[in-house]
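Each of the two complexes below includes chain A, the first together with chain B, the second together with chain C.
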Partner chain A sequence: MSRLLDRIFRVVTGACAFGACALFLGIAGTILVKGLPAIDWQFLLLGPGEQFGSGGILYQTLGTLILVATALAVSAPLAIGLSLIQTTYLDSVRAKRRLRLAIYTANGVPSILFGIFGLILFGQLLGWGKSWLAGGLVLGAMILPTLTVALVERIEALPTKYLAAAAAAGLNRSQIVRSVILPQTRGGLLAGALLGLARAAGETAPIMFTAAVFSGATLPSGIRESPIVALPYHIFVLAQDSFNPAAHSQMWGAAAVLLGLVVLLSLLALPARLRSAEEAHHG
Partner chain B sequence: MAELLRVHVDPEPIVLAARGLTVRAGRKLLLRNIDLSVRRGQVFGVIGPSGAGKSTLLKVFNRLVDLEAPPLRVEGEVELDGMPLYGSGVDPDELRRRVGTLFQQPVIFPKSIRANALFGVLHHEKMNRNHQEERLEESLRGAALWDEVKDRLDEPATTLSVGQQQRLCLARALAVRPEVLLMDEPTSSLDPRSTEAIEELILSLQDSHTIVLVTHDLGQARRVAGVVACICLRDGIGEVIETACCGDIFSNPRCAETREYLNRRAGQ
Partner chain C sequence: MTRRLDPLRLASWGTSFLVGGFFALMLMLFVLQSLPVFFNEGVGYVTGKVWHFRAETFGVLPMIYGTLAVSAIALLLAGPIAIGAALFTSEVLSSRKRLWIKVPIELLAGVPSVVYGLLGIFLLRGWIYQLLEPFDPLSGDTLLTAGVLLAVMVLPTVMTLSDDALRSVPASQRRAARGLGLTVSQTAHRVSLPQAAPGIVAALLLALGRALGETIAVFLVVGRQDNQWPETFFSLRPLVEAGQTLTSKLGGSETFLAYGDPLHWAAMIGLALVLLILVATLTLIGGRFTTAKITSGKQP
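Then we have the complex of A and B:
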């Protein structure tokens, strides 16, 4: 009986794994098959053409990179601080539990809500209108919980013997953070940051209200009324014009570039994640 | 004549003391009513069965109990040089600088031999390069490791053998110049040769440090400890059953629990 259950369990888990891989390969394959023919050097290195759905996606790619870089610059220090508060500085078990709940809940907030929050705060209250900085800040807020969770899990996986040895040598908490925790969780921070960025790079909802326009923008020159063009919003707008073959071709090409960007960020995070897992395992 | 020949030797002052010490984890009592006095320059051995609370007792003396999650509750009086360790205004980090610890397993940071030896002291003292080198040599010599590593100080510490790693941990503790050294079964993971080296070190450090040594190795306690306390479980709670000079406790234990523990260990 137990052997039968074991076989059923193996078949079900195998089917789940196969389903997940097939889904990803199906989506990626469709995007690549339809998108790769549209990609050439001109497509990658030129700005938009005069007609709708023509020209290249240079500024959209640069805009996406500006947004994710801003998001990282904002969220990384905050995530480090939050994760250290959660794991090292908070003594109260109840306070730790509450902060953890808040971080995990924030991680599940739909991205559209971040967009609306950004619209109200930056666009209306601060009067920035559409601004690349507002988009970057909103994306930063959106990936903050992801990054924090990754860091908290990495710090908690740190072998306690290191912390005990450092404390036994008379180091205070800040010294332990500087000389033990941060150096040994660099991999976790990098992995979390790249995964968060991969998520941020593909988000449309938070930036469509706060930062992105479809055309008429190149590189930002200020903060107020300084919108940006970005790949996710570009794809979103082109996808709505389903009867224009040129726009369709552009859309699939842009989608393939965005997919490449996301996969690249995830692959860059892989060695850090593997090293992080191995360190946690071998401690 | 008899008056003239009588030599009066003052006993060394008490460095570490516990009076009525009780330790709790939540509602569970781990240690009950512990009374101990450790004198300067003494090697104070702590023996007893596993789970009796010997390591917890060491953690009380350097306040590593504060770092347990949730922190353990300590009641009673614990003093270092007459100063209450759990009084208000006591800085646990400064206390841990004065009371060094050597753990059961060597804890080596993924850094060089040099960085490991100077790991603690560089956070406590501002030192120029020469001063650092002097302290490095002093601590590594103190741990009898200098001759083995002096030509490869910048190599990763993980390249050392386990015995050398444990001596490096001792060097790290010595570099901070602590008054007291707490050793929690420091040779349990070492081969006989490395064990012998650590025991020789303990005896040589006795002149300059007060040492509290938790050990399961009764032979080791006999060889290095001057005074031995036996902690046993009574009703599931750790208590100091007997404290006596090393010779007395092994040859003529007063308590039945001590006798039973010694006989059980001797039979293993």
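Then we have the complex of A and C:
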């Protein structure tokens, strides 16, 4: 009886697991089958054509890269500072718990709210209109909690003997940070950064009000009224015009490029992530 | 003495206050800019069932209903499958084989929402339409469609975090249970699941937060039909009709339309505030579960 139950347990949970994996393969497969035929060098290296939805997606790709680079450049130093406060500089257990809860809450803020806030702050109050910098800053704020959580977890997973040894050697906290914590958690920072980049690259909601336009922009030259074209927003607009078959090939091609970019970034982050998870498990 | 002048420490505090200020400003601006609509509508803003911006009537309840409906569908569909998958990876598989499941799931978590939306438009919408054919649907854009799409999107979140929770149960306890003659499923049921339960609840709450706030994918398949308040909650019929969620409203063109009109604008920002409060409350409740686990359950 219990043997039979055991068998059923294995089969049912196994079906769930393989079903979930099949979902990913199905999604990636569909996008590739529909998108790959559209992709060639011209598609990747040319600007838009004359007609709606024709030509290449060079500027959309560059726009996305500019946005995520800005986001990372802004959020990485902030995340390091925040994670050091959480793990090292705060003494009171209570304050630590509160800060942790605040970081987790910030991590849960929906991306559209960053977009709306960006519209108010940069578009309305600072008068930037649509600007690549506003988009980059908003995306940076969005990935900041993710990055901070990744860093905090990595720092907390450090063997206590490292810290004890450094403290015993008479180092003060900032010296410990410089000589032990930061060097030992470089992998975690890298993994967090790659994951943040992957997340920022695929987001549409934060940039649709703050930075992105569908056409008429190439590379940004200033800050005010300096919009940008970007892959996710491009796909978003084309998808809503779903009855126009002419734009379909560009849409699926752009989706394949975006998915490829995101999967590549996530895969690069994977080894460091899995390693830290295993260490935490056996540690 | 030297502590106070320590640049690294100062910089860390500086950045933290900057970040705190940013998020405080976000909350403050949402509250300030939505004030006019609360003065105008009072509690009716949250309990009103009609939204007609031309008549300057702003009631958010149908959108709260839409948001909760799609999120509930998503969790009901994704929850069991994700927890089942997590049980398989944590209790049945060896640690090397586990990667073969975990890697695709991690990648699934990274698929951009606009890609999900695209597949929703071109595949799921048609499937749902065919499925509903006997009920004579108006289109494939329904709350159900958005819910199913969201289910796929939150599945990796629930699965990964449940797996983490299950695997934080010490391996020695599993070995002890197996040594006492319990089977794998009995061990999961009696040993692993009870201890991992708070973590799994937290995973579900976090996924619920994600589902409530997801915009782009929902926007593309939910139909964006205003004022869909169900006549009865004892029928599934409203779920197979088009609807509107807080996020699909915010993501639409009405946000730009409202820009010049203070009251209409306030009503839109009010949506953002309602969403923020919903999600923050959930996260805080979820945080209770995880911090309880961290402080009470971590024995060597």
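Here, the second predicted complex is superposed on the first by the 259 of 283 C-alpha atoms of A that agree within 3 Å, B and C clash if a C-alpha of one lies under 4 Å from a C-alpha of the other, contacts with A are read in each partner's own complex, and residues count from 1 in each chain.
Here is the rule we use: contacts are C-beta pairs under 8 Å (C-beta built on N, C-alpha and C of every residue); 3 or more make two chains touch, one makes a residue touch a chain.
Note that the structure is a prediction, hence the values are computed from the model and not measured.
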{"item": "Chain B versus chain C, judged by how many residues of chain A each one touches", "value": "C"}
{"item": "Touching partner for A:180 - first (chain B), second (chain C), both, neither", "value": "first"}
{"item": "Touched partner set for A:161, first chain B, second chain C, both or neither", "value": "first"}
{"item": "Chain B versus chain C as contact partner of A:94, first or second or both or neither", "value": "neither"}
{"item": "First (chain B), second (chain C), both or neither touched by A:169", "value": "first"}
{"item": "Residues on chain A lying within both footprints (that of chain B and that of chain C)", "value": "172"}
{"item": "In the complex with chain A, residue positions of chain C that touch it", "value": "2-3, 6-9, 11-16, 18-20, 22-23, 25-26, 29-30, 33, 80-85, 87-89, 91-92, 95, 99-119, 121-123, 152, 155-156, 159, 164, 167-168, 183-186, 188, 206, 209-210, 212-216, 220, 247, 250-251, 255-256, 269, 272, 275-276, 279-280, 282-284, 286-287, 290-291"}
{"item": "Touching residues (chain side chain A, partner chain C) in the complex", "value": "2-3, 5-6, 8-10, 12-21, 23-25, 27-28, 30-31, 77-78, 80-82, 84-85, 89, 97, 100-102, 104-113, 116-117, 119-121, 141, 144, 172-174, 177-178, 195, 198-199, 201-205, 208-209, 232, 235-236, 239-240, 242, 251-252, 255, 258-259, 262-263, 265-267, 270, 273-274, 277-278, 281"}
{"item": "Touching residues on chain A, where the partner in the complex is chain B", "value": "91, 93, 161-172, 175, 179-180, 184"}
{"item": "Chain A partner contacts - residues on chain B that touch it in the complex", "value": "62, 64, 67, 69-71, 93-98, 100-101, 103, 105, 107, 109-110, 119-120, 123-124, 169, 172-173, 176"}
